[in-house]
Structures are given as C-alpha cells and as structure tokens.
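Consider the two complexes below, in which chain A is the common component and chain B and chain C are the respective partners.
Showing the complex of A and B:
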C-alpha cells in the first residue's frame, strides 16, 4: 500500500481552480518532487497535504488513514517552509526540540534527540544560537532538523532552497539525498526549479495549471515526455509547428510552411493533415558544415549567439524553422557563421498542435535564455 | 531663469563642498534648541537661590525634599498613577483587539476602523476636550475619576494602536503554521509562538500610552472633578501663582518617567527587526 494516496484532489478559491483533480501515490521511502511553474497549484497541493488548506473535493490518505478534516497538528508529517519559518524567539535547539516538546517527550530525551539531529545536519555546537545569527544554509539545516526530529512518516518541502545561491543549493541537494538515505523518511518536494527536481528525485509529478501532466521517473519524463508542456519544462526544447504531409510506415514528412520539409520517425498514429508540434532537445540538434546526406534532412542557418557553458557550447541558430537552440561540443562556429542543422528523425517528440500555450513561446524563451550569457546549468549537460 | 541659475550656482557649489559639515552644524543647532531649555530646567531644580538667579551660585537637593514632603504633591502623584495605570490597561486591551481584527480578518469597515482608531491624533485637543465635557454631561457621567480615565483612554488609543498594529502586521503567520505542523494545537500555538512574538509590541504600546496618560493635561483639565489634581494639573496650579524651584523638580520627575518609558518602548519594538523585513 502506498504511503500517501491523493485522489481527485481539487481546490477552488472562488472562481479560480488552483488544483484540478490531482491524483498520485507516493511509496514509502521515495523522494518525489512536484514540479511546475509558479501558479500551477503545487504549493496548494502541499498545503492541503499538510492540513493548512481544506480540499474542495477529493481525498488524501496517509498510511491508510484519511487526512480530510484532520487538523495539521494531528498529521504524522512535517513541513519545511519556503521561508523556513524558524521561531525567532527560540534558540536553534529549542526550534528543533519544539515538535518533541509538543508530543510530551521528557526533557532529557528531548535534549539527546535534539543533539543527535544537530549532529545529523552538521550543526554541532550551534544549539544555543538564535536562528538569525545563522547563515542561509545553516538556517536550512535547522529547518530540516526541526521537521525530521519527530520522525514523521512524510516530510514536505515547499521550495526551501530557492533563496540559496547555486553552489549552496547544489550542496544542500546532496545533503537532502544523504539525509533521506540515512533516515529512510519519505520526502515530497515542491519546486519550480527543474534542476533541483531532476537532481534529487526518484520520481517527478509535473503540474501545469492545476492539472497533473505526467508522473514518472525522472529519465522517463525527460526521454518520453507525454505532452509538449512536459517536454519544454523538463529540460529545454525547440518547438516547431508543422503539418503532416505524408506518412510512410513509421516515417512522417512534415511541412513547417517553409522550403525544407522536416522528417520524423514515430509509431504515433498521425495522419496527413494533422497539425503537430515537433519538439527537439538542444543537445539532439547537430551542426553540419554543409547540407548533405540525402537520407536525412537539414536546413541552413546562421549562428546568432554563442555562449560558453562549460563542456558544451550553446548556439542559437537562425533558420527558416525559426531560431533553434543547439548544445554542441563543436567550438569552431562563430557568430555570423553559416551552418547546417539537422537531427535524427527518431529524436523528435511529436505532440498535437496547440496542446499547450507554452510551446509557441518556448522557442523564443529558450533562445533568449541561451542568448543572455546565463550561468545557469543546463540539466541535460549535467 | 539664467539669472537665477547664476545666483544659485555659488550656493550649489557651497553645498557640494561643505554639505556634510553644514548639515552637522544645523543638526547641532536643532538639538541644542530642543534640549538646552530642558537642561537648564534640570540644572535649576538644584539651584539654591530660587528661580531668579541664573546661573545658580550653589547647588542643593532642598527642593526635592520640599517636594516629597508636600502632601498635595504626593496626592497628585498617587492620583496620576491611579488614573494612568487603569487607562493604560484599558487602552492596551482595546488597541490589541483593534490590531488583531485589522490584521486577521476581512470585514466591511475595516479601513474605517483603522482610520477611526488612529485619526483622532490630528483633532485639536481643546476641541475633543470640549466635546468630552458635553458628552459626559449628556450621559450624566459628570466630572470625576472615571471621566478622566475615559478621557485618557480616548487620548491614548491612537498612539497605542499605531505602535501595536505593526507588530501584528509584521508577525509571520507561517510561524503559527509551523507550530501546528509540529504538533501544537491552536491554544498552545498562541501561547508559545504568537504571544512571545507580539508581546514586545503590546508592551511598547502600553508604555507609550502610560507616558502620554501620565503627562496628559488638556483633557484632564476639562473633565476632572474640582479638588482633583493630577501631577500636570498640580504644576499648572503652582505656576499660575508663583514660580518656585519645586516646579522644576516636578518637571525633572516627569522627564525621568517619560524618557525611561519611551526608551524601554523603543527597545522593545525591535525597530531593527522591522527594518530587516
């Protein structure tokens, strides 16, 4: 039996439907992330699980017991808040021991367990300080220790790492994984940051506009996104709108309204005349010096931007299909160079056109992101 | 326009070059203006030769002794304390409720309530004083101890609310959620988390209310019963006939009460915490 079962969970605020029929299971000992853009309803789901919001409809069970109508202080779960919500009037040790005090643990045992927690999060000797005397990363550790000390069945995280700089965030991610492995407690982590979600989770729940788009292991979502939204949100993607011209078994010929047709290989049931979005990962796009190789397809383009990203170079190439983002190992191309681009017909992901509003913008957004010399890591390179 | 520019340019250059020095001079002047008279008053409370010789030729504690052995003065102090303590308690209770309501609930007239609670600061004291007399006359409360207490509550509520409300508004409600998440029920959360965090603000509001009530003269003079004198009224009665060094002594007592109260209040509002958020 699953540890947490959420079915048809719905939350409406007046006319606004924040969460629309969400269903998912979380197994004991898993590290699951709910990933979605801001406003997608992920925090609302978390707050319903924690007991701070009452669901409009649907059910939740923890360890087989219904959570609906159970006040937060009677749920066997603890939360790490986005702003951490450390008690400013209590010391670090008192913050960590707060949960134990509420459940009537005697003072001596409380002290021992608090000390053990401080040790687990590597904050030995910090017990007598005030939370505001600690750095951001140390405060995160205190909040984590406070949520773990009661040994709950489930710990919820509401984007607590988002305020940290990248180095520290990556460090805290691996700390989270270590601590989860040590304690065996189930973690449910909510974030809009795909980098965090991809690196720490066993499974992902991708949320868009209050609905669950896809649930699955990280690799599955990356390799076989169920929707254009997932393709775009988990890693970057180039999206091209096209119409199916011809179908020959698994091979599709697609017209993007340009001189050169695209090809794709798929077992999907597309018919001539279908309008679809072709999504290609930046690292699947290949740069060629010349258009050749009649078996594939390619088009010419001009390198518009080039940005160094460690092991990869990220180019934006202006083509007849629109600007394409390309992650390549070749360093030889400069801004203004003429290149040819292609990809393996089997690498393209095909989705019905207009399924998500996001993808028409996504090409631009991707291009912009690589154009601005951002130092953000691209998860596909990691 | 050009002529004006030309005239202003030297001034501008002066400000550019000596701005911070000028500002320091102005600041010293302002503070001297504020505090010199008070300093003189304190000094004169120790003057042997009475109020007329400045600077005093000899220093003495005689006037303090005279003040403390004066029955009328002691009664005035006792009455003032009796009024201020009760008025402060009532004010703190009401202001806290107003602040809690404004912070926690959405209700029609919320903005109006906030305005009505704090706006009386701008109404001239004499106007409200007259209004209070008329009002107490209409409801047959008459003059006396309770009229003064009510008047002091009216006077102090806006100030106490202005101090208490921000501590509620800046209190992070997620701390309450965190507390409940960790197993504390509503009451335990209020006692262990909410109260410790808003208490300094409530205390500061109370201290401010007490200081204002302790000093209050205008309302008191309007609504007090005959023969009742609070300390400010006592001073007024004294200086109407003759200025004695005893008045200086009372002023020093006031100063000590007021300054210490305000200092405690400021340190408890945790101004530095509010600024950080």
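Showing the complex of A and C:
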C-alpha cells in the first residue's frame, strides 16, 4: 500500500480552480517532486496535504488513514516552509526540539535527539545560536532538522532552496539526497525549478494549471513526455506546428507550411491531415555545413545568437521553421554564419496541435504567481 | 533690464553662499550631526531633564520652593499609613487596568490582523476617540455611568436589573474609564507587532504538533513580546500618575496618588511635598517596569519581533 494516496483532490478559491482532480500515490521511502510553473497549484496541493487548506473535494490518506478533516498538528508529517519559518525567539536547538516538546518527549531524550539532528545536518556546536545569526544555507539545515526530528512518515518541502544561489542550492540538493537515504523518510518536494526536481527526485509529478500532466520516473518524463507541456517544461524544446501529409509505415512526412517538409518516425496513430506539434530537444538538433549532408531532411538557417555554456554552445538558428535553439559541441559557427539544420527523424516528439500552449504558460508565470500569492493571503479557515 | 540683472546677481550671490555653506559642512561631520540631533536634544534637556532636576531639588526643600534643605518630605510620606495605602491602591488599580487593557487590546489587535480585511477602517475606529478631548470623553462616561444614566436605563429596560445601579463614583467606574481611554494606546503597538509577524510561524508551530492554544503561547505571544511590552509601558505609566479619571469617575471613593500630588500643588500649596511624592512614584514606576521587563524577558524567552 502506498504511503500517501491522493485521489481526485480539488481546491477552488471562489471562481478560481487551483487544483483540479489531482490523483497520485507516493510509496514509502520515495523522493517525489511536484513540478509546475508558478500558480499551477503545486503549493496548494502541498498545503492540503499538510492540513493548512481544506480540499473542496477528493481524498487523501496517509498510511491508510484519511487526512481530510485532521488538523495539521495531528498529521504524521512535517513541512519545510518556503521562507523556512524558523522561530526567531528560539535558539537553533530549541527550534529543532520544538516538535519533540509538543509531542511530550522528556527533556533528556529531547536533548539527545536534537544533538543527533544537529550532527546529521552538520551543524554541531550551533545549538545555542539564534537562527538569524546563521547563513541562508545553515538556516535551511535547521529547518530540515526541525522537520525531521519527529521522524514523521512524510516530509513536505515548499521550494525551500529557491532563495539560495546556484552553487549552494546544488550542494543542498545532494545533502537532501544524503539525508533522505540516511533516514529513509519519504520526501515530497514542490518546486518550479526543473533542475532541482530532475536532480533530486525518483519520480516527478508535473502539474499545469491545476491538473496533473504526467507522473513518472524522471528519465521517462524526459525521454517520453506525454504532452507538449511536459516536453517543454522538463528540459527545453523546439516546437514546430505541422500537418501530416503522408504516412508510410512508421515514417511521417510533415508540412510546416514551408518549402522544406519535415520527417518523423513514430509508432503513433497519426493520419494524413492531422495537425501536430513537432517537438525536438536542443541537443538533438544537429548543425551541418550543407543541406546535402543530411540523410533524410534538413533546412538552411542563419546563426542569430551564440552563447557559451561551458561544455557546449547554445545557438539560436533562424530557419524557415522558425527560430531553433541548438545545443551543440561544435564551436566553429559564428553569428551570421549560414548553416544547415537537421535531426534524427526518431528524435522528434509528436503531440496533437493546440496542446503546445506551454510557451504561453511559462510567460504567464509572473501573473499567475501573484494570483497564487493572493490565494495564500486568505485568512485561515476561509 | 538693470533690475533683472541685479536680481540675477543677487541669486547667483545667494547660490555662491549656499555652495560655500555646503562645502563647509561637507568637511565637518560632527557639526552636521549636531545640527540634526541638536534640536531634539535641546528640547529634551529643556523640557524634560531640567524640570525633573528642578522637581528633585524642590522635593528636598521644607515648606516652600525656597525653604531650607530637608529629608522631611520623604520621611513624612513613608511614615504615613494613609499615603502608603493610597500608593498601594494606586499600584493595584494600575496593574488591574494594565492587565485588562493588555488582554482586551491584544484580542482586538489579533482579530484585526488575522480575521478581517478592513484593517484600515478598524484601526481608524480604534484611534477615533483620540479626536475628542479627554475631558469630554470623561463627562460622556459620567453621563453613561451615573445613577439613572444611559447604562442604568438600558439595563432596566432590558430587565437585567430592577433599579438603577449607579456605577459612577466606584472602583469599577474608574477601571471602565481607564480601560476605555488607554485601549487605543495599547492596540497600536500590539497591532504593529502582530502584523509584522510572519503567519508561517504559526503554521510551522501547528505543523510541528502544537495545537492552537499552544501555538499562541509558544510562538505568537513570544514573537510579539516587543509590542506587548511597549503597550504595557504606554498604559502603565500614565495610569499610575493620572488624577482626572479617578477624580471624575471615582470621586472620593478611589483616591489615587496622582490626586494627592495635584492636591499638594493646587490646594495645600506644599510644592516640596508634592514634588517628593512625584519622585517617589517615578521611582516606583521605574522599579516596577525594570522588574517587569526582567520577568517578562525570561517569560518570553527573549522574544523579539522581526
């Protein structure tokens, strides 16, 4: 039986549906991330699991017991808050020991377990300090220790790492993985940052506009995205709208309304006349010196931008199919160069047209973020 | 033409002088600091420190402000049972008022911050009484509390009581009056510290297993301790020395130490004795607040608003 079962979870704030029929399971000991743009409802799901919001409909069970109607202080789970919410009037040790005190653990044992936690998060000797004397990374560790000390069945994370700089964030990510492996506690991590989600989690739940788009292991979501949104949100993607003009077994010929037709290899049930979005990842696009070098199809383009990324170069190439982002090892191309662009017909992901509103979703993120924040500002029990 | 030229000349002359002053000040940090900080300090010295010192000196004179130096004023006060009783009762009333105002004011501020959207309007309503003169508000209370007044006729009408109660000129009337007068003063600092508090802290407490009441006493109250202490001080000090409210609402039934002082200055014309009592109650207030701050400090575990 799954540790956490969420089924048909729905949350409405007035006219706004923040979460729309979300269902997923989390197994004991897993590290699962809920990934979605700002305002997609991921924090609302987390807050419902934690008990700070009551679901409009649907059910949640933890370890087989229903969570609906159970107040937060009676749930066997703890949360690491986005702003950490460390108690400013308590020392680091008192912060960590707070949960133990509430559950009536005697003083001696409390001290030992707090000390053990400090050791686990590498903060030995910090117990008597005030939280505001610590650096951002150290505060993260205190918040983590405070959530772990009660040994809950589940720990929830509401994007706590988003305030850290990249280097520190990567370090904390590996720390999270280490601590999860050491404790065996199940982690449910909410983030809009695909880099964090991809690097730490066993499985991902991708959320868009209150609905779950896809649930699965990280590699599966990257290699076999179920929707154009997932393809775009997990890793980058070039999307081209096209119509199927011919089908020959697995081979499709696609018309993008341009002089050159695209080709794709797929086992999907596409028929001539179907309108589809062709999505191809930047590192799958290849740059050639001449169109004739390509095995199946290619088009010409002009390098518009070139950005050095360390191990490889990211080019933007203006083509008849639109601007394409290309992640390549070749360093030889300069801005303004004429190049030929192609990819392996089997590498393209095909989705029904119109679903690829991923682009607009991500640009709307700021507007949606403010909407989600105003939701959070609602008074308790609303 | 000539006139315009001379105006211009004058203004460039002024500009030059301003520039010269700016240059002069730029190199003199300390002069600049004292120009800014000087006036407030001067006001403090002139209207606070000097008067207190003068009072201190007068309190050691005998009979009049030019009399010989003596310790009699202090000795007489401390030796008198009546005065000691009045001082003790004043302290009790002050503590009661402070306690009532703190509890009611905190509840009010809390509900404004946590449960309402029209925060500004509610705060405005809280401050509104300040727009009316203190004395007028006290006379309004006399009207309400007196025998057969508004309160009595309402209670009789509602058949809560059979005849007029006549709360006026009682300890209760004084408590009601003080609570009414100081409530806004306490609500504002409570409101400020509560609205500064991160609401996630309460959620964190609940998440870690604290029920609502425990979360309040272990997190909400300690993190707003600064505001609570400020509110308490703002209520405690003026209550301890007040004489208008107890005179108007308490009559002769609840004499407070402020009334005794007033009496010394306005009827008995024994300025030195009045000054001595003033010094004594200042010492008592400072002692109580220091003691309270220390006690409160440990009670709130060094709580500090963000």
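Quick note on the criterion: the second predicted complex is superposed on the first by the 354 of 382 C-alpha atoms of A that agree within 3 Å, B and C clash if a C-alpha of one lies under 4 Å from a C-alpha of the other, contacts with A are read in each partner's own complex, and residues count from 1 in each chain.
Here, a residue touches a chain if its C-beta (ideal position, glycine included) is under 8 Å from a C-beta of that chain, and two chains touch if they have at least 3 such contacts.
Here the structure is a predicted model, which is why all the values come from computation and not from measurement.
Peer 1: Quick one: on chain A, after the overlay, do chain B and chain C clash, or do they fit? Just give me the call.
Peer 2: Here chain B and chain C cannot both sit on chain A without a clash.
Peer 1: Touching A:88, do we find chain B (first), chain C (second), both, or neither?
Peer 2: both
Peer 1: Classify the contacts of A:102 with the two partner chains as first (chain B alone), second (chain C alone), both, or neither.
Peer 2: A:102: touches chain B and chain C.
Peer 1: Regarding the shared-chain residue A:72, is it in contact with chain B (first), chain C (second), both, or neither?
Peer 2: In the superposition, A:72 touches chain B and chain C alike.
Peer 1: Of the partners chain B and chain C, which touch A:50 in the superposed model: first, second, both, neither?
Peer 2: In the superposition, A:50 touches chain B and chain C alike.
Peer 1: For A:226, select first, second, both or neither according to whether it touches chain B, chain C, the two together, or no partner.
Peer 2: Once the two structures are laid over each other on A, A:226 reaches no partner at all.
Peer 1: Which holds for A:146: it touches chain B only (first), chain C only (second), both, or neither?
Peer 2: The answer is both, since A:146 touches chain B and chain C.
Peer 1: Return the residues of chain A at which the contacts from chain B and from chain C coincide.
Peer 2: After superposing on chain A, chain A residues 50-52, 71-73, 78-79, 81, 83, 85-89, 98-99, 102-103, 146, 150 contact both chain B and chain C.
Peer 1: Which residues, counting only chain C, touch chain A once they are in their complex?
Peer 2: Against chain A, chain C makes touches at 114-115, 198, 200-201, 203-211, 214-215, 218-219, 222-223, 225, 300-304, 306.
Peer 1: Along chain B, where are the residues that touch chain A in the complex?
Peer 2: On the chain B side, the touching residues are 172, 174-175, 177-185, 188, 192-193, 196-197, 273.
Peer 1: Along chain A, where are the residues that touch chain C in the complex?
Peer 2: 50-52, 71-74, 78-79, 81-83, 85-90, 94, 98-99, 102-103, 146, 150, 379-380
Peer 1: Can you check the complex and tell me which residues of chain A touch chain B?
Peer 2: The contact residues of chain A facing chain B are 50-52, 71-73, 77-79, 81, 83, 85-89, 98-99, 102-103, 146, 150.
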